[in-house]
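Got some structures for you, see below.
Next come two complexes, and both contain chain A; in the first it sits with chain B, in the second with chain C.
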Partner chain A sequence: MSAIEPTMIDQTTGPTAGHATKERRAAWVLTAPALILMVVILLGPVIIAGVLSFTNYSLGNSSFDWVGTQNYEKLFTRSTYEKMFVATLTYVVTVVPISVGLGLGAALLINSLGRFREIYKTIYFLPVMATLLAMAIAWEFMLHPSIGMVNRTLEMGCGTFLEQIWSFMSQGCADRFPVWLGDKRYAIWVICFIGIWQGFGFNMVLYLAGLTSVHRELYHAAEMDGARSAWERFRLVTWPALGPTTVFVVTITCIRAFQVFDTIEAFWPQGGGPNKSTYVMMFAIFEKGVQQNLIGIGSAITMLFLLFVMFLTLIQRWLVERKVHYK
Partner chain B sequence: MTRDWWKHLILIIGVIIVIAPFYMMVSYSFKSPGEIDRGEGGFFGQQELMVAPRCVALRTPGRDDIAAASSRFAGASDAEIRDALVAEAEADCSIRPVVFNYTQAFTEAPLLRYLLNGVIVTASIFLIQVVVALPAAYALAKLRFWGRDAVFGLVLFCLLIPVHAIALPLYIMLAKLGLTNTYAALVVPWTVSVFGIFLMRQFFLTVPDDLIDAARMDGMGEFAIVWRVMLPTAIPALLAFAIFSVVAHWNDYFWPRIVVTGNRDLFTPPLGLREFKGDGDGSFFGPMMATATVIVTPLIVAFLLAQKRFIEGITLNGMK
Partner chain C sequence: MAELSIKNVTKRFGETEVLKGVSLDIADGEFVSLVGPSGCGKSTLLRIIAGLEEQNSGDIRIGGTSVAGQRAADRNLSMVFQSYALYPHLSVGENIAVPLRMRRMSGLQRLPLLGGLMPGARAMARAIGHDVHRAAEMLEIRHLLDRKPGQLSGGQRQRVALGRALVREPAAFLLDEPLSNLDAKLRVQTRAEIAQLHRRLETTFVYVTHDQVEAMTMSDRIAVMMGGRILQCAAPDVIYEDPDRIEVAEFIGSPKINILPLEVGDDGRLSLLDHALNLAVIDGTRGVASLGLRPETLRLTRGKSPLRGRVVHSENLGAEIFVQIEVAGLAERVTLRAGPEKRNTLALGTSVALDFDIDKALVFDADGARLRKLRHVTRATAEVA
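For the complex of A and B:
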């Protein structure tokens, strides 16, 4: 950092130049690197992807043809991409509400405790810090059909009352427990579970921060007004006060959920899971665009992806600016 | 406490689920393959001496070895000498499982190199981000110039674009420039942190103008003001941003996976672990979990030491 220190001070502005000119020039010099990089690294690629999505370009070819909206038509007609949308939406629609809900639940429980708050908070935050790829591999072992901890734990339930009340258990004990990652019925749910496992601590911390800003007087006021039960107080005071936090938490969780990739690539390096049941958009971009060099189609998925994410963020900003609280 | 027992019960069930994979990862990194297969040995394993298979394979006695050793075993037949040599090799190759797992982690793949790459990449990303973002943030917060609103508008717009989402066009650009499989490819897309600019601008807005005017009176130029006046005031905000940036890029897997193919010298820790998994068979669970533990540990330890700062840093986005 020190390399760019005083020597570079703009000496060309003579004493005649007004202060405003000097300030303007300095300002442009100071913003120039950031400005150039923003245009080259962020705006440029969006435009490039937009243009390439109408071509059949691939790396290594010197020329390409314009194919119109063919790439987009493929996205909406081929069954592979239908699976892609189904997997992505299943993931987002499952992970967002559950991880936000668990985050809020954990925050409320922890906030109401007198002791051990910090311990719970620390532990629940651990998965947020840990390298997701490493944890994905750990989960893969946990879910190993024969030597994994999950199925071993389930086997311990065999022969107990659980077998009578839970058909999943009785089936598992009679035959065998699921192979989880190899089974198309379970694969996407396992991915969702790991997404929730990893993300809810982040939401919890944001909610805990939000809870500290709820004024105690509000609870007293609500009690005066006849809000006796804890549920009433939550509904009338806590939830509205947490509105801005919720808007933020939901948006950030959505955007992260759309970007799920690490777990899927770790479990199924090829093809996106059993019967493509976990073929999410990020994986599709990676597979089509980078691995198979089908840049046109990859760019089309990229554009659609950007559209989703921008749409979500704009909704968030609109909600925050209008100070709309969820009811 | 007595009234809260059900809350603790729920939270403890949560703790068990959250901790389970960490527990298993660390525990497997201590155990021998046999113990992992049979699910024995508690957390630390029995730590009974085990024989490293590859070490023995390397020392399988050939005809020459047997001939050379015949003087030591006078009167024994070749087969007996052979057995004796194998037994010797096995004795020499005996090793505690925990030692075996961790030495394998570091010798089977260049894990130290991966860790070093991780440090180089995350550190250069953070430094460049600061060098780019800090002056821009200062100009946007404290200088009056034509076009400032437009630039800030651009910053707000770029906040909408997640870098992972535009990975494909970025990859094409880098490939066209012949930059894939270089450190530059790992760093370049992250050099401009729009979020960093935004964050620092908001922070600089709170710095009193008097401080800057005083510096100008002393004859400081704008560059000097950025690095000598604004930088020191911004240390707490920068520290939070540093944590945010380092955690994100140490753990990042998607981008390195795209731009680094095959060249082990450039692997970041997650890529190294991924490759380890790719070519390992069942007996490699122990060393692999040791690798995973080594990769996850630095951030977890740092987090446990400075929890408040980490939580602040990672939830930075919440400060908007």
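For the complex of A and C:
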């Protein structure tokens, strides 16, 4: 908190000791409201959750017992939580690279357009603006095994050449097409797909903003220096210039991916998908902490979640300061 | 090293015609400045030579061969940009190496990690490093090679941009206002250094600037451009002393040349403010004309003179003073250059009379073209007339 100590000292006359103390006190008084709010709203709950994660507290109980690291031990030993980690990591590792890549690709394509830029921008941004819960209901209808649009469309491919070249098609036509939301092989990938569909427009907008800061003369310099192909110009100019944007986009996408919840809650309100295959961290926190009122274990998952996010933020800070901060 | 030849180049951006048929021949090893006010098309012409822009018609030849349809990367020209356009993520050494890596190494050899394992990549990297050091030494930036452009001052960045341009020995250098982002002192210093560099490299330089002082001090020839045309292309002293057009005379020279209205009498005799001069036109020009007088051709006089007025402003530059004089009958003030010893006699509000050397006066017709065919009228004939 040294930053808030008074630094404007009158150097010509030299402050008296009393004057300096008075000023320091005034500085503390003036910053107190902000400090108190920060502690009460932001730091307090985190600390409380941290404390509760070592207890067996339930909401409504007047007391609780200390259980030590029991909650954490459960997290790392029980198969339910193993499934939680698998589902969360699968989702993050799939959604982050693809939605960042698609966002960048869309931004580059839109940026190269002369006309219709705004239209494309709006179209790709639509899923970001939509409520994911409402969208999930629409997706649920589309993915319905018998009357859904997806399987109906796939059925149209039966009897065509697609059946010969794609084993998925031939199997689907012979037997039936997958029950997307009821099959543990597909459920997490459906969630990933919706996550990408919903999220890449946001990344695209961030990349579009990043692209405006790329100096046009750099492309000309690259051309003069002998960069003939678009790929070489991208490597030499665009990609390095987008470094800070990329770090930000990846971090934001990671955090959002860790937070995935509403699609899963909409599709499987009871229990995190077929055979817990989509039992992601956020849903686990919700199920344990809210539905089952097991505050202790819910807090433990929350702390773990915070740890992941903090770790990502630290990596981002390190990258921004060391690697991509050119100026 | 090569000569450049520009033939009837035109360029339109939509409805606006930026270049209206520009032709210019630049000899091998020559330093030519394209100078003109902003929007005159000088930068566009440079970019067309570079290949970054395509002309609507006309031809560019580099070293005798037409470069029509050839892209910028294949023209073997180097360019220094106004913003320097250094790659911010690469160190100074890497920046200078880029044109060599792009041209000498294959795509595989340039790969970030695997590139070094490709056959021949090591030796090539060494050769490139050697060339980079040589260029850095020439520009005295060897100690900066490991820094990023963001850590450099404007002048140092400018040198790096020059280094990147000269490291691969191009056919010609194209410089697009390279000094305009430097402070005044550094600009003067770098000006001299670029001129020296040109003498040392003996390569063709095409230099775009809006600063006439830069053009005057560095060039073998100056091409004055205005409104998409080259008005005159000649050596700096010719441009200054013997301009073809009034626009050229007005653009070159600081402070600006004094332009006074002239009347051409029926006998061709010129008169200034109803005062007959000892000069007459030979051809049939009649009516109005203009008289161009450089500030240094004017001098104070006690005798009879049509130019009489009052000192309204003066600028003391130490070695000389520029005095603005409001002359009765003229809309614009007349600027006079005087030595510092005259300072006391030229206080504000002083009434002065100005005389000038008729041989150094430049006469332009109503369209702004220079009238060179003049004859002296002796005072005796004048009085008889």
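In this text, the second predicted complex is superposed on the first by the 288 of 327 C-alpha atoms of A that agree within 3 Å, B and C clash if a C-alpha of one lies under 4 Å from a C-alpha of the other, contacts with A are read in each partner's own complex, and residues count from 1 in each chain.
The rule is short, and it goes like this: contacts are C-beta pairs under 8 Å (C-beta built on N, C-alpha and C of every residue); 3 or more make two chains touch, one makes a residue touch a chain.
None of these values were measured; they are calculated from a predicted model.
Colleague: When the two structures are overlaid on chain A, which partner does A:Ala221 contact: first (chain B), second (chain C), both, or neither?
Modeller: The answer is second: A:Ala221 touches chain C but not chain B.
Colleague: More residues of chain A are touched by which chain, chain B or chain C?
Modeller: For chain A, the partner with the higher number of touched residues is B.
Colleague: For A:Ile165, using the defined touch cut-off, is the partner it touches chain B, chain C, both, or neither? Pick first, second, both or neither.
Modeller: neither
Colleague: With both complexes overlaid on chain A, does A:Gly298 touch chain B (first), chain C (second), both or neither?
Modeller: It touches chain B, and chain C stays clear.
Colleague: A:Ala134 contacts which: chain B (first), chain C (second), both, neither?
Modeller: Only chain B is touched by A:Ala134; chain C is not.
Colleague: Given the touch rule stated above, what does A:Ala174 touch, chain B (first), chain C (second), both, or neither?
Modeller: neither
Colleague: After superposition on the shared chain, which partner residues are touched by A:Leu314: those of chain B (first), chain C (second), both, or neither?
Modeller: In the superposition, A:Leu314 contacts chain B only.
Colleague: Jot down the residues of chain A that show up as touching in both complexes, chain B in one and chain C in the other.
Modeller: Touching chain B and chain C on chain A: no residues.
Colleague: Under the touch definition given earlier, write down the residues of chain C that touch chain A in their complex.
Modeller: Answer in residue numbers: 47, 50-52, 71-74, 77-79, 81-83, 85-90, 98-99, 102-103, 107, 148-150, 164.
Colleague: In the complex of these two chains, what residues of chain A are touching chain B?
Modeller: 1-2, 4-6, 8-10, 20, 23-24, 26-31, 33-35, 37-38, 41-46, 48-49, 52, 59, 106, 109-110, 112-116, 118, 120-135, 137-139, 141-142, 147, 149, 152, 197, 201-202, 205-206, 209, 245, 248, 252, 255, 259, 261-262, 265-266, 269, 282, 285-286, 289-290, 295, 298-299, 302, 305-306, 309-310, 313-314
Colleague: If we count contacts the way the header does, which residues on chain A are in touch with chain C in the complex?
Modeller: Its residues touching chain C are 215, 217-218, 220-228, 232, 236-237, 240-241, 243, 324, 326-327.
Colleague: With touch defined as at the start, can you tell me which chain B residues reach chain A in the complex?
Modeller: Result: residues 1, 4, 7-8, 10-11, 14-15, 17-22, 24-25, 28, 36-37, 39, 127, 130-133, 135-136, 138-140, 143-148, 151, 154-155, 158-173, 175, 188-189, 191-192, 194, 197, 221-224, 226-228, 231, 247, 250-251, 253-254, 257-258, 269-270, 273-274, 277-278, 285, 288-289, 292, 295-296, 299-300, 303-304, 307, 310-311, 314-315, 317-318, 320 of chain B touch chain A.
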